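Pasting a structure here, questions to come.
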């Protein structure tokens, strides 16, 4: 008999892609009713926009992986019936599903106002600070925990021949969104958008401004080198040009296989002691799996079963350990502990620790702004203008907020 | 083979150009007719109306007595040879000749037979499998004629077939066309702007001017008895000298002749002016062109701004600047009225001048 | 115009039908839809749309980023055109001088025409990569700090060079054809008229090439404005800081990535007007004026 | 010409050689990079001479699906490119030939109207109106199909113009001779015009093949199924990896594979190519 | 103005074509020399070596006595007029003429003066501000001449300047060039392949064949005393009739004449054959071309496969098929040896035939 076909679009290239495709294969091998077609569609933005375009064309996949930034857009689509909420899907398919199995820090980002889970967390990450332990040792400095120490360490590393000691990727996520949450500062009104479409940005505050200005100064001093919007500067860390690199915890898998010349480690994000005594918690990144409407019910049953398979502790633990994404269920976290993973690879629990450091506040729960894909691009543009010396931090953030608000209003207009 | 008759033929092109106007012409079966005239006078237009390549605006075209105005070119049973040969460049000589026959469904062996025959006639046997581009201009034009011959059409139309060839080839092929006509005995309608070609080929020449027929006649008719100044100046190189009858030069030239009433222009051919001791036109020799057998002397006559051209024997001893007096040979003067029409039949006028028709004075006629 | 034509009531229409059908369906219909969409705003999934009249246009012209794209496009266009045409002209003039070796050089020069703009972009992207690109490395040795991820001007320069690199072959071929069509006797007459090679070039060759030059100007601008989309998309994606976001890239970015259909459609309409303008200029103005 | 300027000759060759180096160098580097393993390409300066991984790399690319390329073997992508390029080329030539024939050899109402309709598309690249065109394709249900890849791109003002231009240079007398030989319009087209257009068709074929092969945005948006990916668009996915380290040896290998077919066509049929290019654009 | 001397001039093109071989020629100051010969015989190559447009492979070119072999064209102080005019299309007529003067730094008012003068001479005043494309072919060629004149060069070189013009314009401009030469008194070196042009223009003709000089002399020299069969057949239309001396036809023609030893070919010009009652060549009239003033009769003689052409008076009464007997006029027979070289000086041979030099028998010479 014919297998029921389910299309799964994802944005996992390289090693991540291999593992992702491996899940689908394994699931397909386990049973003979469903066939999951796992398809790489390019980076997050491309995958999401292609899925939307496909939806408009009636060619949508069943499952699409959408990064956290697209959440508001997807939720608005859910209101219009484009999205099949996961809680509903599981219920309709009669597949056992308990939200409380999932780490709260993870699912809070993706639940609606009634606390129902809308999409399935799959690969969740959070920014951490990657460092080149060998380089630190050679320069004789400690791994920094505050931003002041970051600057100091960078100077020492530079003096010791490291080309551009400090760097980062996904700058809006790591240097504005997470920075704000880490210091319990709001990014915008309306509980960072969770409470309504009328939200407005407020991240042009002194705290963020000072922070951005600090990085710009580091750039001028030659301590920081900007290397692209997503993970493009990764190669600088891998080849030793950069020794402190703030980006997703999900680089773990890649680093483990690519880095041979030196020891690397991950540390918690630095704190700006002028802003807070203690860090709050970092916010989630990565992506979740959204189910799109418009297909037959047997296909959705398969989808539900696949989701259930993905959430099993074995899968999750393996995924977590291989990639550096955080485990999404408590069971998977515990399994990893049992397996002795954290002793074996110290620091690999940094992400999960950061996420669960404190009970999330409205400022650290996450964000839910419409049109945020575009707004991220605006923030990218404005920050790049700072790095290249064309704008001051203040000008750039003011402009980003103004332009961002404009898009928020436009989103509000087209979704109400 | 057939007669071709044009009756009141006229053509207006889009945009209002009136290319041909009221042409009446009956072409006998087997006749070699040449349409000649300056560029733009409508020669090609007439030919193309006969062929069916242009619609007829007024009048009728009849081939073999039947009106063909509304027939497609392929249905008129005529063949045409073009100035640029118009061979199908991608087909062999053989295929070029066969194409028309194939289209009309002639059987294979009949086609082969006819091609063989035409190739023999035109000495093209060796080239049958070549492509046109592998042939010289003269050979190409022969293939074009071959393509016409195999069709065995009612009439052959030629539109300046020799204009693209160099002088030597031109005169060779001229001879070939003439003998082809003799061999086939078919009706030939031939367009050219070259009066030498017209003179040497035609049974009858139709001289056109501005869309109308200026004169129809045998070559010698047109040369000796031009119906108008236009004909007189068009036929013959160098052309007939034309002088105002009332100018001093004109009066000197016509000295002693009684001119018909209304004469405004006098004409005399360069070879008909001979040095004379008295009575005649006096002038100074200007440019002298020694052409071997002949010599052209440009005579600057008082009271006439264009030089009068004399054609003398090549060995004549004339030097630039020399003063010469010349007089027309008896009977050689032509008179035209204000509109350029010839005034009296040449003969009559010649008689009045008191001489018998000009006798051959140089190459003595054969007996 | 042909002197002789065939007569048939239906045949010409039948022959034209496929071409016209494709043109209508894939050119005119989309063009009309673009005009229509430009008066609406729409949500990403296409559930709702709202008529906003000219608001999309108004917003575009109030948007500093959009206006900057005009500037970027212009700089990019002028840069690519100037670079590709001047190098090509120099090469063509040289190749035209070497006589027997012309074919050899021509062979070595024309092949980049076949390289897709996207590939040209990716290859240059690789050469210029700040951390491992060989050219960036050489620049570094020369004391020049190359980082097109950070420096918008450098990024723009990189895409200009990549785009021009690919276009040189094309211009070269046309310049060479133009040079070869200048009658040799014209150069000889000038030589007899005592003009040295330099003077001959500027007073005779260059003016005589002007039809080719103007043709290439238009073609190069069109190339730089529209056909380099792939190059930008495959390399800088318009960044950093919007500095390589040419107009045609923005249409895509706004529409496909930003899901802002109305604004994207409005940009399409503006671009179409621009293209048609260029076409008209080419045929009305340039053709007439440059005929010496 | 009598010229005594050895320096000028030297400068001439110097300019040409510099130009050739500038044009060839990037592709040389790409070729070299495609023969190394990832380690050699992770640190500056990268090698300027071939490595020993060439066969390995190309075999991987052509036969196995790399995750970086979405798991599609480059061999399959190249096949798709070929199908698309040929489809576009043949389609464009076919419909342009007959359209030009109609415009040149017939007089009929609205002839100029049609002419302008085709003409106006001359400079309207698909990128400019990408979104609405995509919309139309989805309405016609042509996503993820070869005909979706091909048909929208086969309307070609350029080819129509080239053929029109060419037909206008065919002497009138040839039609006239054919008509006297009893050929009707279709016979004339088949027996005379088509054979005569052979070189032009061949020349245009090259240009259009390159155009088709190098398509980027169009396949990028009309294909969502991997087995329809083309190689030129496929490379973008590898280069823009973002999250993972770009696999430069594979990327450059793919670039080489993607540029070899059109470059070979251009070089092998240089004469026709030059003719096609210079004539189709002027 | 100056003399031009060529000494042992030779040219090999790359690829080994030997275009010119051992050409010696001294051109006097103010002379009008025409180089004529069939296509590819090396005429242009010689002219271009004089101009400096081709390097000299062997020998020397001297202008005004100085060797110029290694001078660039601009330094030789010559001017050249090209077949395709080679006007600068983007410059006005005035600028075209001024270009060369500007390049040599002539003062502005001097340039203006010279242009005004040349424009007057060539009647170009009205066109000075036009671009070349706004001019007719004849006007363009006149501008090209004007460009040459203003330079006041040592010598004028012309390479087939009239070949692109139609017959009428050609003969007009021919006259103009001739009078220009007379007015300027400068050295003219003129290349053409048209023997009529050569005859009517030249002071001396240089007839080339396969890269070598075949004969140098005045036009009448070449016509009347050709140094070879090649010259005899090249000069004159229709060309001289050539018959094998030992064929029946040849013997009939030469009946009664004592031929020089080694005679293999006999030549006689068409106009020198006159109908005779007895003794001579007998044949049948084939094609007859009536050209008005003249008539060409193709005589099919027994024992000779090519027709012998006679040129008779236009009014002669010959009909096709008629039998004719013709004899050469006294002194008109030419004898050539096996290699085609003329055998005895024409005069001597003529005397042997027992007649005085042929008297003018048609247009009587002026007194």
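Letters A, B, C, D and E mark the chains in the order given here, with residues in each chain numbered from 1 onward.
Following the convention adopted for this analysis, contacts are C-beta pairs under 8 Å (C-beta built on N, C-alpha and C of every residue); 3 or more make two chains touch, one makes a residue touch a chain.
Owing to the predicted nature of the structure, the values given are computational and were not obtained by experimental measurement.
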- Note on the structure: Shared touching partners of chain A and chain D are C
- Note on the structure: Heading the list of chain pairs by contact pairs is C-D
- Could you tell me the distance, in whole angstrom, between the mean C-alpha positions of chain A and chain C? 38
- Message: With centres defined as the mean C-alpha position, give me the chain B-chain C separation in Å.
- Response: 58
- Whole-Å gap separating chain A and chain E, where each centre is the average of the chain's CA atoms: 93
- Just curious, how far off is chain D from chain B if you go by their C-alpha centres, in Å? 56
- Task: Would you give the residues of chain A that are in contact with at least 2 other chains, written as numbers and ranges?
- Result: 53, 56, 229, 232, 235, 239
- Would you give the residues of chain C that are in contact with at least 2 other chains, written as numbers and ranges? 3-4, 131-132, 188, 191, 237, 256
- Which parts of chain D, given as residue numbers and ranges, touch two or more other chains? 1, 3, 42-43, 135, 176, 179, 221, 236, 240
- Item | Partner chain C, residues of chain E touching it in the complex | 51-53, 72-76, 78-80, 82-84, 86-90, 99-100, 103-104, 131, 133, 147, 151
- If you look only at chain A, which of its residues touch chain D in the complex? 9, 13-18, 21, 39-43, 50, 53-54, 56-59, 61, 229-232, 234-235, 238-239, 248, 250-251, 254, 258
- Item | Residues of chain B that touch chain E when the two form their complex | 167, 171, 174-175, 178-179, 196, 199-200, 219-220, 223-224, 235-236, 269-271, 274-275, 277, 285, 287, 289-296, 298, 310-318, 322, 324, 358, 360-367
- Within their complex, chain D touches chain C through residues 1, 3, 5, 8-9, 12-13, 15-16, 19-20, 22-24, 26-27, 29-30, 33, 41-46, 48, 94-96, 98-99, 101-108, 111, 114, 117-118, 120-125, 127-133, 135-136, 140, 151-152, 154-155, 160, 167-168, 172, 175-176, 179, 184-186, 188, 210, 213-214, 216-217, 221, 232-233, 235-236, 239-240, 248, 251-252, 255, 258-259, 262-263, 265-267, 270, 273-274, 277-278, 281-282
- Contact residues on chain C for chain D in the complex? 1-9, 11-13, 15-16, 18-20, 22-31, 33-34, 37, 87, 90-91, 94-95, 97-98, 105-120, 122-127, 131-134, 136-137, 140, 165, 168-170, 173-174, 177, 187-188, 191, 197, 215, 219, 222, 226-227, 229-230, 233-235, 237, 248, 251-252, 255-256, 261, 264-265, 268, 271-272, 275-276, 278-279
